[in-house]
Amino acid sequence: MDVATVVGIISGLSFIFIAMALGGGGLSIFLHIPSLMITVGGTLAATLINYPLHEIRGVLGTVRNAFAFEMHTPTAMIESLVSYATKARREGILTLESELETTKDPFLIQGVRLAIDGTAPELIKDILTTELSYVESRHSLGQGIFTMMGTYAPAFGMLGTLIGLISMLRSLTDPSQIGNGMATALITTFYGALMANLIFLPIAGKLKTRTRSEILVKEVIIEGILSIQSGDNPRIVEQKLKAFIAPKLRETVHTRLRT
Amino acid sequence: MDVATVVGIISGLSFIFIAMALGGGGLSIFLHIPSLMITVGGTLAATLINYPLHEIRGVLGTVRNAFAFEMHTPTAMIESLVSYATKARREGILTLESELETTKDPFLIQGVRLAIDGTAPELIKDILTTELSYVESRHSLGQGIFTMMGTYAPAFGMLGTLIGLISMLRSLTDPSQIGNGMATALITTFYGALMANLIFLPIAGKLKTRTRSEILVKEVIIEGILSIQSGDNPRIVEQKLKAFIAPKLRETVHTRLRT
Amino acid sequence: MDVATVVGIISGLSFIFIAMALGGGGLSIFLHIPSLMITVGGTLAATLINYPLHEIRGVLGTVRNAFAFEMHTPTAMIESLVSYATKARREGILTLESELETTKDPFLIQGVRLAIDGTAPELIKDILTTELSYVESRHSLGQGIFTMMGTYAPAFGMLGTLIGLISMLRSLTDPSQIGNGMATALITTFYGALMANLIFLPIAGKLKTRTRSEILVKEVIIEGILSIQSGDNPRIVEQKLKAFIAPKLRETVHTRLRT
Amino acid sequence: MDVATVVGIISGLSFIFIAMALGGGGLSIFLHIPSLMITVGGTLAATLINYPLHEIRGVLGTVRNAFAFEMHTPTAMIESLVSYATKARREGILTLESELETTKDPFLIQGVRLAIDGTAPELIKDILTTELSYVESRHSLGQGIFTMMGTYAPAFGMLGTLIGLISMLRSLTDPSQIGNGMATALITTFYGALMANLIFLPIAGKLKTRTRSEILVKEVIIEGILSIQSGDNPRIVEQKLKAFIAPKLRETVHTRLRT
Amino acid sequence: MDVATVVGIISGLSFIFIAMALGGGGLSIFLHIPSLMITVGGTLAATLINYPLHEIRGVLGTVRNAFAFEMHTPTAMIESLVSYATKARREGILTLESELETTKDPFLIQGVRLAIDGTAPELIKDILTTELSYVESRHSLGQGIFTMMGTYAPAFGMLGTLIGLISMLRSLTDPSQIGNGMATALITTFYGALMANLIFLPIAGKLKTRTRSEILVKEVIIEGILSIQSGDNPRIVEQKLKAFIAPKLRETVHTRLRT
């Protein structure tokens, strides 16, 4: 469960709601169903045109990523890989087969299996980096959809405001209604800006940092497996992999080498 | 037929029309032929200056792509290539000639033919990747034109509004006409924003995702043909090609190897 | 003569003029010499500061490119290169000397001459791609100047409007003059937006597509000359070069190989 | 202590406060707690959604970097490395062990130790450049958070203004309150723009230049260690390393070679 | 002396002043010391936070570059290098020592000296391109500061306008003062836009083109020295170097080879 995302959305909405309540007119003046319809509906329609259906559907799974999330920790992965390296050095690389039962990372399993099968290092690197680059491009799609919705929402908010203004200005018989009309017209801009800046763009941002940390773990795996297969000393393996993480984090990596 | 594009445009326009109708003045107040003329005309004129005529003409075919569209499925292509690999291994690469009759993908046909002719692998890779990069650059042209129209449309919308405002302000004899004049002036901004955000930019976006999936299939073909020619085991071919697709999709690939 | 550029500018201006005429105040209210002066003058001044004098002067030649333009056709070039390849194969590469008299492309002549002189392939590639990259950077300069003018024009338009507004607001003795003052103030914004969106940015765009097609022809020439020098079969030369153009265009290439 | 950052913030705020005081209404009219709440609160909430909690916490350390800061001087590092080179040449690379006690740079220590251990040059380069690229990506995160806050602050400022305007327009019974209402509505935009342009964006900028100078020192170290290990003449080491700094700075590098 | 920069600034300011004078209120209404203070002061403060002090100080030298400027002419450099090549071929590379006394370009001197010392070509290329890339990054810093000031100036202009508007709206007792108050508020926006578009951004642009032409000369030098050292025929040296300049300029290169 990603607390930051939940806390961010709830606290952000609270600040907005308090500001709306303090405005004096009460919260109800900010609720306008047709305005909601054009902003949300227009944004969804533009997104439907922009992306194939199956990619939009795939995004639902991505959103879940931004809320509930099993942390990808490079430190734990480094510990595993160094212990693999120790085992492979002492007992031979084939004994890693037994280690695969205790891990759930499909990328790690695939890599270790390739190494056990005696696949040529260049081919292992080729297969894993191809996979890595396509993981990256598939993930960037989810971010792309949210970024795009963060672009369309204010645009349709502005469109709604233009429609409201034109309607109001055309039927300008009662000057006392100008204020009311403009307020209604501005509500779509408000909806669009709110959705973009509190939902779409920040979630796109979180998906991006998620992808980055996932990619980092995968890069550690590739480097580790190639290093293990080439028969590197576990100490060298550890040194190579620690270069991927912050100096402060390095002290938290507890490999069997130190005990 | 790409349902998402059609549903998106129809639903998007519906939301807009409903919002216009609810405005109280009726739909007719949003129809203004001179405003339409300057926004559409100006956008087309700027596009004509921006792009050579034959490229703009080529875009018509590209638009069709965004509506009716034969899906490029990497999974089906992987299945074909793995079956080719099996056949080439058992009966020799020359027997792939007969398989070419059942496929329609010109890129695949060209690649297989090069392999059958015994062309050097580097040359095959050279020819196919050159073609790939030019496919990409030709496709990006179509997206570019739509993105550009999505930039010019709001600009000419704003130009129309400026013309309307200046005309109105200059002839400000009857204050009661201010509202009407401003409404008319704002209509071009509305047209420009609508065209950009519901038509031009989303279609540019869809063309982009289309190109990406088409490129992906072509990359799978190149990798597959080179792997087949080098005499790789069909299992290796399958493994290499599956790295290009999402883990979830991999289970949907049914190659003869598994039966 | 590039019809699209001319038709685009004329039709674009027509749409704008019609919209201005329909505004009711006549075309004359849109003519304001001081406003023209500040928008055009400011844009030119900023461009003068931004670019060295000799580069701005060189742009005049570039603009001509956007209007009158001898089309660079990769298909014709491919036909020539394939016929060169046939001749070089049959009668030796030295006989290409005679072909150089019928061509006018200095890049092609330079390349063929290098090949005839027996220059090492790497050196030929080195010299021609160096030239290619500097052609590209020199061309991008022209586009850069127009793009920059397309950025400065609206900025100086807005500056003019600010000057107009401040002047008007300071001397606000006669309220009936507000409308007139604001109209005059807005005219510079109008001029700036018009120049940017109908002239500067679209012409920058056309120069860009021109450069791209010119670069494409040069890439075809490099590939072709290297292929001819290495003694490739004309059929291979044709296949390599056709990878650079769209499948549809390939059928329009008529080489002697087919007759 | 980075004087520029402190002087910049204090003088910037002074200019703003003086301008506010000169406005005639006194400073107090610019203080509005609900407005502060929505701008600051909204920005923080969006940042919380956008970045994982532990990365936001890590930023506090980064901010300190922008204020108190031990200058990274490539010149001092070049002097050290040249003296190392001299020692390594005369007395053997193993004697560098004693030099490590007087330095505190962990990157330099790691590099020298790798060289002393006789690690293969490619592996040293591999480990150090991997580390360099991850230092860069970790630093860019801190800048990214500040840049993002510089984007969200004006957005939430505008959201607050929209809320204020809608509230005011809805309850437009007393026209004499319009001015007051609009002033309050504009305050959030003011807060957002102030935070973005005087705090978030400039600090993001300073973090960026800091990172760049830190990276430069690390690049000097990598080049220097590889050069020392390969047994280069100290003169060559000096020449190679001086290429990294400005010609003017080169004269300030005093290596023992010159004495 | 770069006439274009001076003429641009003077003519640009003239256009602006004439427009201000024609506004009817005289030039004096555009002078407002507090507005100037907040725009200039705020921009400088933000720049101080954004960049380390010594880098801002270094910019003064860079600005001078945009005004007084010794033209970097690749043609003259090509002539020198071809004459060096001729001399080196006839009398040996060591005789180039005497040529160094007549040149002032430190980059050329360094390169020739490296060649005379018999440094390995890869090392020469390595040292010179390292230097080239750091020249580029140091120069881009100067442009960066001006571009940043061009971003902060309009932002602080807008901040000043917000302060002015809020002050005015809060103390809205005398409606006849609205115009005056708004005029004063707008002056900061005017100052910010003027500084950005007539000073900061165009000068950043000129520094960029300067850097480009300086880099070009340095690339010519590297290519030339490597070519001379490898003992290339002066004709080949000339051909290689001329690829860096425009075809039209090539005819203006008068090397001794032609006489």
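Points to keep in mind about this one:
For clarity, chains are labelled A, B, C, D and E in written order, and residue numbers in each chain start from 1.
Basically, a residue touches a chain if its C-beta (ideal position, glycine included) is under 8 Å from a C-beta of that chain, and two chains touch if they have at least 3 such contacts.
Because the structure is predicted, anything quoted here is derived from the model rather than measured.
Number of steps on the shortest path from subunit D to subunit E, with steps defined by chain touch: 1.
Subunit B and subunit D, compared by their mean Cα positions, are separated by 40 Å. The mean-CA centres of subunit B and subunit C are about 25 angstrom from one another, to the nearest whole unit.
Looking at subunit D, no residue sits in touch with two or more other chains. Touching chains close into a ring; read starting at subunit C and passing to subunit E, it gives C, E, D, A, B. Across the complex, subunit A meets subunit B through its residues 34-35, 37-38, 41-42, 44-53, 55-56, 106, 123, 126-128, 130-131, 134, 137-138, 141, 148, 152, 155-156, 158-160, 162-172. If you check the complex, the residues on subunit A that touch subunit D are 2-5, 7-9, 11-12, 14-16, 18-20, 22-25, 29-30, 66, 179-180, 182-183, 186-187, 189-190, 193-194, 196-198, 201-203, 205-206, 209-210, 212-213, 223, 236, 239-240, 243-247.
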